[in-house]
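Across the two complexes that follow, chain A remains constant while its partner is chain B and subsequently chain C.
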Partner chain A sequence: MKIGYYPGCSLTGTAKEYDKSVRKTAEVLGIELIEIDDWNCCGATSAHITSHRLALSLSARNLLLASKQGLKEILAPCAACYSRLSLSAEELIKKPDAKKEIEELLGEEILEIPKIINLVQLYQRVGAEKMIEKKGTGNAKLKTACYYGCLLVRPSGLNSFDDSEEPQSMEKIVTICGAEPIDWNYKTECCGAAHSIARKDIVVDLSHKILTDAKTRKADIVITACPMCHTNLDMRQKDIKKKFDKHEKIPVLYLSEFVGLSMGLTKEELGIDLHFVPFESKTV
Partner chain B sequence: MKVGVFICHCGENIGRTVDCPKVAEAAGKLPGVVHSVDYKYMCSDPGQNLIKQAIKEKELDAVVVGSCSPHMHEKTFRKAVEGAGINPFLCEIANIREHCSWVHENKDEGTDKSIDLIRYAVEKVKRNEPLTTIRVPITKRAMVIGGGISGIQASLDIANAGYEVVLVEKEPSIGGHMSQLSETFPTLDCSQCILTPRMVEVYQHPKIKLMSFSEVEKVEGFIGNFKVTVRKKARFVDDEKCTGCGDCIQNCPIKKKALSEFDENLTTRTAIYVPFPQAVPNIPVIDSEICTYFKNGKCSMCVKVCGRGAIDFEQKDKLIEEEVGAIIVATGFKLYSIEKKPEDSPIKGYGEYGYGKYKDVIDGLQFERIASASGPTEGEFLRPSDNTVPKKIVFIQCVGSRDEAKGFSYCSKICCMYTAKHAMLYKHKVHDGEAYVFYMDIRAGGKMYEEFVRRAIEEDDVKYIRGRVSKIYEENGKYMVKGEDTIAGVPVTIDADMVVLATAMIPQPESKKLAQTIGIPYDSYGFFNEVHPKLRPVESSTGGVFLAGACQSPRDIPESVSMASAAASKALVLFGSDFLEREPIVAKVNENICAGCFYCKKVCPYNAIEIKEIPSKNGKPVRVVAYVNEGLCQGCGTCNATCPSKSVELTGYTDAQIFAEISAI
Partner chain C sequence: MITEEIIRNTSQNPNICYQCGKCSAGCPIRNYMDDSPNKIIRYIQLGLYEKALNSDTIWLCAGCLTCSTRCPKEFDLAKFMDALREIALKEGIKVKEKNLLKFHKAFLNQIKKHGRAYELGLVREYKLATGDMMSDVDVAPAMFMKGKIGILPHNIKDRKGMKDIFEKTEVKIK
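Moving on, here comes the complex of A and B:
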């Protein structure tokens, strides 16, 4: 299976290990990732709060490049990229006038708008059998809090792959990997997102609530499929600890890392050694 | 034949997009047309007089009116024509409103299309034959389907007028949802206290035949002459012998296997049971799913204790045929259960509210049972999980209603009122308790309704928060209700002891099936459709079938009762005459050429085709031909289209007429 790949800026910097583990698991699963040549920013946060047209045209350029490469489907592991690219694709399909305007800006017509999928959808597609078949020593009995954050399953209607308020798709994947998903309350709450730098205080409060609920419900680890969430939940634990003395550290893994461990890949191969909160698996 | 054409402007309705004088002028030039005029309101008295006058002065033989849909005014114009001495079936309507002006924007195109429509109506009317209406006798007896408050009211009204009523109820007792309620808004009178006397009256009424635990299986016939097959489900208790003493129920050893439907799953019931003590009829039913006798034959305690020998394990379902002239459908509603839906369901549900997961997150009907003096807590406010008094209750309105993303787009109408009532009842009993209501808008239209809600807010200190709830989760023994206060513009979290969800009113799950059985239309949700939302709100489009209560759309008690009385009076209007006049649009067989293949009989949806023997001179049958029962024929034309030898024609719509219409376009 071949599929287009849009890493986005995070996966080349702060979330290098996400990129590494996505590529590694894809390789094991026999999926060839074809990176979009000369891709640019997806138009997230700073672009889309400044100018809708700017955000749309940034995304549209990526879609244009992908379609020129003959890619019908693109994997965008970052939740923000996934959201921007799919919202833009939808707008281009539904509003021919907007499409025309953007095409004039780009100087080219987008002949076929590719479909955007996220990592959860990719693993879902690979199917239960294949995941089990590739299962290595597994994450047996690891109590796992699946954290979706704000963007992965929203807005409802657009992302029909799961319920936007009570999603379950990651839980299913985690179960296949041999772990035990926990029932918890903060799986779609906000982690503070892009406030990570400018308003650290907000991020510390919000992320603390999320991690505390996971801990209270006896989670061993939290998994996520968003580099922004990972930054806040993993990197900011030091600051959380400073403010909330009682905070107990909890490792935060990317979904791809978690799946990779189940397949028998090592922590180094997956980049888990790069995290701020170390992950010491009892079973791997 | 001299044809007159009359073009109506319908005020601006047609006039805006059709040049009516131009249409009239063009129509005047059509072959056969001797008179053609336009007028602002043709259906008005002066408009009708215009037609009558023209018929006399110009000696017209036939009339075409270019106006609204024949559903609206065909009758009006045919009556006018008849008044001027022409057979009413020589009047045709060309629909230039719904089929033209309302759906087009361009005036030139609308005008051209109207001329086309007039031309074909003229070609048809030239071939129309004078017809006479058919008279059919009326069975002056009604069936009411559903024994809730609507069905009860309708039955009593008809029976008190002196006509027989068959009341069919699918549950073991009549009473419906109203019997489950605690108090009723806006007067706070006890629901059971006002309802049970009505239930008893139904039971004792000499003109009412009550068929409880029964369901309508088949409906045949037509207005004035329905034949309904009712399945009387096996109760396993002989209703002739049973006195309702209750000994069987007290001695039944199966106590906790089934959840009580009447108590909305908050309590359990025995295998042999009556839904509630005031049930009508007070005759128990055996739940064969959980009864030990039906499992392995090892228990027959009820047989032993019954002094009347009324238990009958061998009882079978019975099919009973009833002949009635009118049917009133009053099957009511169900509450939308918001538990997480299966993945293939189009309705997404509200998994984030934890209904089904948290015991103290309940729906409105469950709260009614808790508040009710006859309920599981005998009216004390105790929460289901641990039987303690909740000190803080959050009520959430519009769960499933007015929510296109996750539920239904309509407003369930009663929730604003019953939520105010719930909060009020709670505050009356738990003085130090706090009640919060999350709402979108407060819709309290009705006599003394708004005053009632104000009372809850001002006198009983119920705290109303305008906004939606995003999720409910458990934390430290509390239910954390996260929502938004859109007036203050802040997120709010309330740590509640109990949460009550005002979930949407939806039709009964079998409503679509029943509608198909009876042959009445329903909307996309499964609510039954009325013929006209304003002027004929209790009539279905099938003659003789009327609608009452929440099966038509969400309704409260006063509205359901009004509808029921209205539906009853519609049935009584029907019973007011001995014969029913029907349009003579029925199929006719040309016996000379009918080959007797009876393809028509196979395809007729109304069983209107019979076999007729044609005798020779000496009286011996020589051949058989098809014969149309005019009483049953609905004029659908299926036989006409099927007949290989073209020996069936639809009166008023013969092939010659239809082809003339088509060629004229």
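Moving on, here comes the complex of A and C:
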């Protein structure tokens, strides 16, 4: 199986272990990832909150490049990129005038707008079930808090692959991997996202609430499919500890790292050694 | 006039809101805001544009889309906030949350120059703009050691095309 690949900026830097583990698990699952040639940043939060046309054009350029490469479907593992690219694709499809205007700006027509999928959808699609069974499990019985954050399941109309208030798709994958998903209240609560640098205080408070709920319900780990969430929940635990003395550290893994462990891949192969809060597998 | 601009830019009418307050009840950032999110819609309904545009609420909104997902009238409040921020910038309104704006400006400047995010350039520009030299100095060395912040930018090939897009669509942040 071949699929287009949009890593996005985080996966080339702050979330390089996400890129590493996505590529590694895809390889094991027999999926060939074809990177969009010369892709650009989707504009993230900063573009859409300052100029709608800028945000739409930045995403549209990526859709144009993918279309020229003949890619009908694109995997965007970053939840924010997935959201920006999907919303832009939807707008270009629904508003022919907007599409025409953006095409004039880019100097080319987008012949076929590709479909954007996230990592959960990819694992569902390829029947990760069979592949994981074959390889055995590396993280059996871990109590796991599946954290969706905001942009994987919202808005509800767009991301119809799962429920926006009580999603269950990651829990299903976790169960297949032999671990035990916990029932908790903060799976779709915001971590503070792009406020991480300019309003760190907000991110520290919100991330603390999320991790505390996971801890209270006896989770061993939290898993996520968003680089922004990962940075806030993993790297910011030092700041959380400074403000909230009682905070107990909890490892945060990317979904791909978690799935990779179940396939028998090592922590180093998946980049788990790059996290701030160390993870010790129970079953090694 | 502003209401018309919002309707045009977001394809939705703020007057459909009946002020149930569900958006504010679920907003994760509400405690940090001057005005609750539903109050911002109310200001616009009443034509109190300056109040809405001067509120720090529109800048503190993190775009998490909880409000947009839960609204019983299916009013996309997150999109409405985007439109208000864009108008506030065009009107040259003084933003209370200065550092947030400086962050977004520094972030977009990297994209304009390189086509992709460049963490070191972003941090440098943000710190120079805010004078906030000390925050996160404790995590920076670890980020370098782990290879999570590169020394050099990731330049795309078509940087001229990128500059073109910005010149035609960017809303200048003062």
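A few remarks follow.
What we mean here is this: the second predicted complex is superposed on the first by the 275 of 284 C-alpha atoms of A that agree within 3 Å, B and C clash if a C-alpha of one lies under 4 Å from a C-alpha of the other, contacts with A are read in each partner's own complex, and residues count from 1 in each chain.
Here is the rule we go by: contacts are C-beta pairs under 8 Å (C-beta built on N, C-alpha and C of every residue); 3 or more make two chains touch, one makes a residue touch a chain.
In this text the structure is predicted, and so the values were computed from the model without any measurement.
When both complexes are superposed on chain A, chain B and chain C occupy overlapping space and clash. In the superposition on chain A, contact of A:Cys150 is made with chain C only, not with chain B. In the overlay built on the shared chain, the residue A:Lys238 is in contact with chain C alone; chain B does not reach it. In the superposition on chain A, A:Arg61 contacts chain C only, with no contact to chain B. Using the contact criterion defined above for the overlaid structures, shared-chain residue A:Glu166 touches chain B, although it does not reach chain C. By the touch criterion defined above, A:Ser51 lies against chain C but remains apart from chain B after alignment on the C-alpha atoms of chain A. Of the two partner chains placed by superposition, only chain B is touched by A:Asn185; chain C is not.
Look at A:Lys115: by the touch rule set out above, it reaches neither chain B nor chain C.
For chain A, the partner with contacts to more residues, out of chain B and chain C, is C. Judged by the document's definition of touching, chain A residues 156, 165 lie at the interface with chain B and also at the interface with chain C. Contact residues of chain A toward chain C in the complex are 9-10, 12-16, 38-41, 43-54, 57-58, 61, 105-106, 150-151, 154-156, 164-165, 188-190, 192-195, 197-200, 202, 206, 235, 238, 274, 276. Considering their complex, residues 156-157, 163, 165-166, 185, 213, 216 of chain A touch chain B. Those residues of chain C that touch chain A in the complex are listed here as 9, 28-29, 32, 60, 62-66, 68-69, 76, 81-83, 85-86, 89, 97, 99-100, 102-105, 107-108, 111, 115-117, 119, 126, 130, 135-136, 138-139, 142-143, 146-150, 154, 156-158, 161-162, 164-166, 168-171, 173.
Residues 340, 348-352, 405-406, 470-471, 473-475, 480 of chain B are the ones that touch chain A when the two sit in their complex.
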